[in-house]
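So, here come the structures, one by one.
You will see two complexes here that share chain A, one where it goes with chain B and one where it goes with chain C.
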Partner chain A sequence: MEGFVATVPFTILFLPFFGMVLIALAGPYVPRLGAAIVGNLSVLGSFVLTAVLASYVWSLPPDQQVLTLKYPPAWATHPAYWAHIPPLTISFELRIDPLALMWMLIITGVGFLIHLYSIGYMQESKWYRTFFAYMNLFVFAMLMLVMAGNFLWLLVGWAGVGLASYLLIGFDADRMAAVLAARKALIMNVIGDVGIMVAIFLMYAHFGSLSYKVVFANVTSAGTSALDWIGIWLLVGAVAKSAQLPLHTWLPDAMEGPTPVSALIHAATMVTAGVYLIARAHPIYDHAPAAAMTVAVIGCASAFVAATIGMAQYDIKRVLAYSTMSQIGYMILAVGVGAYAAGTFHFVTHAFFKALLFMAAGIIIHNLGGEQDIRKMGGLAKRMPFAFLTFLIGTLAISGFFPFAGFFSKDAILDELQLLGHPWLWAFGSITALLTAYYMFRLVFMTFFTGAYRGDHEPHADRSPTMEVPVAILAVLATIGGWLVLPGHDEMSRLLQGAFGDRGILPTMGEINWFVTGVTTFSAAAGLVIAWWLYERAPQLRRRLATMFAPVQRVLANAYYIDTIYHWLFEVPTLTAASDIAKYVDPEGVGGVIAGVARTTTGLGDAMRGWETGYLRRYGLGMVVGMVLVLAYYIFVVHGGAAVGMR
Partner chain B sequence: MPGVPLADYLAVASALFAVGVIGFLLRRNPITMLMAIELMWNAGNLAFAAFARTFVDFSGQIFVFIVVTVAAAEAAIALAIVVMVFRRRRDVDVDEISELRG
Partner chain C sequence: MLINTVIFLPLVTALVLLCVPRTASGALKAIALAGAVATFVLSLTFMSLGVSTVADFTAPWIAGPWSAAYHVRVDALRLFFVLLTTLVSAVCVWAAFSYAQATRLRGFLFLLLTFETTLLGLFTAADLLLFYIYWDLMLIPVFLILSGYAGSDDARKAAWGYLIYNGAGGLVLLLGIIGLVNQTHTFEVSGLVPNLSGALSWWLFGAFAFAFAVKTPAFPFHSWMPATYTQSPPPLVAMVSGVQSKAGLFGLLAFALPLFPDAAHVWAPLLLVMAIASILYGALAAIGARDMKLLVAYSSLSHLGLVWLAFFAFSITSVSAGILMLISHGLIAAALFLLLGFIEERVGTRDLGAVGGLSQHAPRLAAYMLVAAMAALGLPGLSGFAGEFLILIGTWQTQPLYTSLALIAVVLACVYMLVLFQSLMHGPERLPRGAGPIELRPREMWLVAPLLAAIVFLGVWPGWLNDRTPNAVTAQPPAVSTTVGRHA
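Moving on to the complex of A and B:
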């Protein structure tokens, strides 16, 4: 078992990486399907090994479930560290514990299903092989992020997923919108990277190490205010990566990427990295109440704000993007108040139902020839029964209907909020649950019902098994995924015990708080009924309301004009400054200096060209005169004429 | 050591050098100018040797060897250039050879 544990994590981590390298090197020489097979198999291999590793780790007693792998190993006599700048030593360090395993299982498992789906979905893409190389790069970077054993390697993975996200959002490089969205995502994410870097500097200053083990063991040696600052800077990273307020505007735009990318990166895995980071750094947040409260409030505000925006959007993927932001808000809220197990639980179920929703939406978009506007859909339930059924399951799950996955995890979070004494956060969480059910069912009704099909071109319904099998699997998981936590049987807390210790066992999980459960279920049902009433039963009433609340509608449809505000606050000043520099400083200042140097050189050359007469004897005379002058200088000036008797 | 004092050597060396300089500046035949340059070389050599003898330091002697070697190389190259110039122009007046005028 010793050798198994020492090698398997490295294999899990680097399989997708080698898959990427193989596709990149051999891609042009094999058929398109070859690249897809390599991409799929490498991720599948990682998943199988992760499952084996997970079953091994969870067979150990909870206090031994943290495995640390270091390169160079401790017994090395001449260790070659990654960086050795005394007193700081950084090794290549992996940490496998239940928290990391939970993420690894989702990344490789859901990641594999989405790879499988991409085989069919990306069929018409010009850069089919490149797509799989990028996807493998993403899986590798994401695994690096969650398997890292110190904050430096976490940051490596963190920046790596940012890069993969950038490459994949801008995958259709022919379209300007995709390129701009990719750029926006990269810029926002780099703000987060800087936040984590500052947190790393602070951790080095206070703990002298970046290793989780050392930092978390000595966490109480730093003062509360120091921990608060570290927590806040880590939060900057989490907010940027997880698209929370105020750095969320890149996520809706990121929907310009292909749908499998939206499902894998911008729904199931990458955007939950912020949740992972805060859960991972939980010893810090446990001792930093102000930072933890900030986390919770930002999560709650993001959940609520995103849900309100989601109500007024017409692009099917944008609605899903705002719902992602909203659901991640729930997770951030949960880990902010210390309900780490509940937050992780919601991450798992969300990965199932959100990947499902995106992939079902992908089937619709695929069959409508790229149409994403729900105003041009409608009546699709009969034409695409498979997509309808799976999308409905996803919607029931995200809205929190019993017995679908979202019910259990959302309920767990709201239970914790009530139990830990946060009535306001709980209230907003419950209202958000209502809004979620409303906008998701609005989406369902507008897409699949509300009379006849409103699109321009006839939908074709080609069915490909590689696309439908993963969706079906996810539909099953979105249905039963929540059953990890049943009354009296809390599998989630048991699994996470090794990562969070006592904080992992949350008393209410697995118990029924009838009040909270009742409110949650009522909210979901109310959202469903309102959506049904407004879109199916009484469209005139909806139109009347729409004219009555037109200003509100406009604000929501424009996402509170946050993009516009950022445009005037940051973009315009920067661009103005840049163009002014280009107009004045560059030609006059920099250009002036360079032109001046050129003019001086030319002038000197012109002045001196007269000396070059071409007469050898004149040069000789010049040398003689020079020699005489040098001699005279030495004799009369340096030695004061002593040699010729002048002294 | 009885014999010629250093100052006499230096006087001869200076005279040689002056003759070399004047020859170089006044003559227009490159062969003659080369010979004038050789005079200057050897004025330097004489001074080196004289100093070496006076101060009993062999560095000066060795320097003379190097100078002689370099002078030989210089003469070889310079004569080759003169021959080439003569072949092209049938004339070797240095005042006529002024293509490098600025």
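Moving on to the complex of A and C:
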């Protein structure tokens, strides 16, 4: 078993990486399909191995489910470290535990399905092979993020997924909108990286190590206020990566990337890294009440705000983007109040139904020749029954209807909010559930019903099995994925027990709180009914309301003008200062003043002009002679030749 | 003798070139490249010495009360500066083949190789007089290439700016050295155990620091840099920014900090402000720059400002990480300037606004640029991050306020590197009329590849370098008197 445990995690981690290298090296010498196959198989291989590893780890007793792997192993005669400036030592280390495994299963599993889907979806792309190389890079970096055994390697993965996200958002590099969206995403993510760096600096100052093991074991040796600060700075990273307030504005723009990218990176996996980070650092948040409360409030606010914006958007992918931000808000809220298992559970179900929604939407967009505006859709239920059915399942799941996956996980979060004594957070969570059902069914009605098709070009109905099979699998998972937690049988908490100890088994996950469940179900149903009423039954009423609340509508449609505010608050001043420095201050100010002083005081300018007519050789010779003369002056004149022994 | 062979092999190669007819360009190229590569390979043998021994060579030179010796050495501190020099020089000699008219190639190669010897001499000098001589000799090849081979009036002006500014710096350094030797009566570092009054050592350290700040350069002594960096032919600017810009910071570590530890502490508050000013001012200027080489020049100002911060925050971690950062910056700056040189050569302009969408025609060029730009941006996993992160984790412990300010530049670096990369590579295609094929040629790919490989290697495993520079820095704050362990 020793060898198995030592090699399998590395294989899981590096398979997608080698897949990428292979695709990159083979380049145009292999057919396009070859690159796709390499990409798919490498991720599938990782998934299979992860499943094997997971079944092994979960067969161990809960208190032995944390495996730490160091490279090179302890018995090696030549230890190697990532950095080694004593007393600072940073090792190459991985940590496999139930939390990491849960993420690894989703990353490689859903990642594989999306790779499969991409075979057909990206068919017309000029950079087909590159796409798979980037996707593999993403899977590798994301695995690094969750498998890391210390905060340094977490940061490497963290920034690596940022890079992959950047590359894939800007994948259509000739479109300026995509290029700018990619730039914005990377810059905001780097702000998050800096947050994590500061947290790391603080941790190093307090614990002398970046290793999870050391930091978490000594957490109580630092004071509460220190832990609060570490928690806050980690939160900055989480907020940037998970598109939470106030660093969320890159996510809607990120929809410029191809749809499989939106499904994999900007819905199912990368954007949930913030949830992972906070769950991973739970020993810190357990002892940092103020930081944990901040996490919860930011999650709750993001869930609510994003849902309100989602009600007023017309781009199908943007609605889904805001719904992602909102659902991640739930997860952040959950881990903020200490409901780690519930947050992780919602991550799992969300990965299923949100990847499903994006990929179903992708089929629609694909068949409409790239159209994303729902005002130009309508009546597609009959024309694209498969997309309709799967999208509907996804919508039912995200809205929290029994027995779909989202019902169980959202209910678990809201249950725990009640139980842990956060009535206000619970109330906002429940209202958000209503808004979610409303904007999602608004999307369904506008896309698939509301009379006839409104678009310009006739939709074609390509059907490709590589696209439909993964969508169908996800539809099944989005239906049954929530059954991990059934009354009296809480599989999720059992699986996570090894990672969170007692915190994993909050009593409510397997119990039914009829009040909460009733409110949640009622909210979802109310959202559905309102959307149906306004879009199917009484469009006149909708138009009347729209005119009545036009200013509100405008604010929501513009996402509270946060982008505009940031533009004037940060972008304009920085760019103005920068271009003024480059254009005026540096050439004329700093440089000009010094050159001017030199010219006027020494007359060097005139001297130079005369010299420039001479030969280059003379310049060089003159300089050497000058230097020698100066040197000689000091040696012979000042010191009377004593320096060279001439007494 | 190995050490002298390494130092003078480039010069000997250069002299051999003079015996070859100007027109035999094939022979000239072969000899120059063979010499530069041989130097690099020979310098690699220093690695086999292990970390506990040093290569050392001493010969008596000037006797008497102001004694000096020809004393050169390669130790933990110097090793990687030597390797950086030989690697970047070999790459630049190869790159130089396409940057001079056939008839002038010989002179160009001659000067580049001479430049390499002066750099190697500087980084191995263990005697202040020797150090100073190389310090000034370095100026000559740069000046001659800049004024003679770039072929424009702007370049000639830049050459004079470079010479005057750095000459002034050298003069001040000379005054400092004389002031010191006047007390100690020897240029030999091992004999330099100064017992100076506070005021005198304050003045002397100031003189050293001024010269080093000009050479690096650091704000506000950088005004020679924009013209020099933009006007130089790519192989030269790669060597100046990649290697020569490390001379000042090397001088601090090897001489100024161990010689005047107390004065360094007195000066530190001012120099820390200078460091932060370089970091932020350089980053902002880079964002505003519309000239691609100028952008990278300003980014150098910012990145090397970080090393000043590292040295004057007086934390062991950050001083040691500063060495890593210097090596890493040398590789990244050389790679970036060479790649930008290839682009300028093809499109005939340095204006970022005039070029765009190159990646569509040149995926390999785009991939190379991506690695170099991401390394400069500080992407974890590449060497730029390793240097930056390890510096900041150290400075945070002693100077949290300045470290916070420096972190702003991490975000700004992301902005300017993306502006550079995306303006050139992405967006709608924009090409000046008559531009030739854009994609990298095999020779160009091979010559930049070693730099990128080193960038990746040091990013994945900076500990490898840490373990080979263990005693380079053994400073214990607050006293830095043993900064260079082996010299004390």
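One rule holds for everything that comes next: the second predicted complex is superposed on the first by the 585 of 647 C-alpha atoms of A that agree within 3 Å, B and C clash if a C-alpha of one lies under 4 Å from a C-alpha of the other, contacts with A are read in each partner's own complex, and residues count from 1 in each chain.
As a convention for this text, a contact is a pair of C-beta atoms (placed from the backbone, for glycine too) under 8 Å apart; a residue touches a chain by one contact, two chains touch by 3 or more.
A quick note: this is a predicted structure, and the numbers were derived from the prediction, not measured.
Contacts of A:565 after superposition on the shared chain: neither chain B nor chain C is touched.
The larger set of touched chain A residues comes from C, when the choice is between chain B and chain C.
After overlaying the two complexes on the shared chain, residue contacts for A:159 are found with chain C alone; chain B is out of touch.
Judged by the document's definition of touching, chain A residues 608, 612, 616, 620, 624 lie at the interface with chain B and also at the interface with chain C. On the side of chain C, the complex with chain A involves touching residues 62-66, 136, 139-140, 143-144, 147-148, 156, 160-161, 163-164, 167, 170-171, 174, 178, 219-220, 222-223, 226, 281, 284-290, 294, 298, 316-317, 320-321, 357, 359-360, 363, 374, 377, 379-381, 385-386, 389-390, 392-394, 396-397, 403-404, 407, 410-412, 414-415, 418, 422, 425-429, 461-464, 466-467. Interface of chain B with chain A (complex): residues 21, 24-25, 28, 33, 94-95, 97-102. Touching chain B in their complex are the following residues of chain A: 608-617, 620-621, 624. Considering their complex, residues 80-85, 88, 90, 130, 152, 155-156, 158-160, 163, 170, 173-174, 176, 179, 182-183, 186-187, 190-191, 193-194, 197-198, 200-202, 204-205, 574-575, 577-583, 585-587, 590-591, 594-595, 598, 604, 608, 612, 616, 619-620, 623-624, 627, 630-631, 634-635, 638-639, 642-645 of chain A touch chain C.
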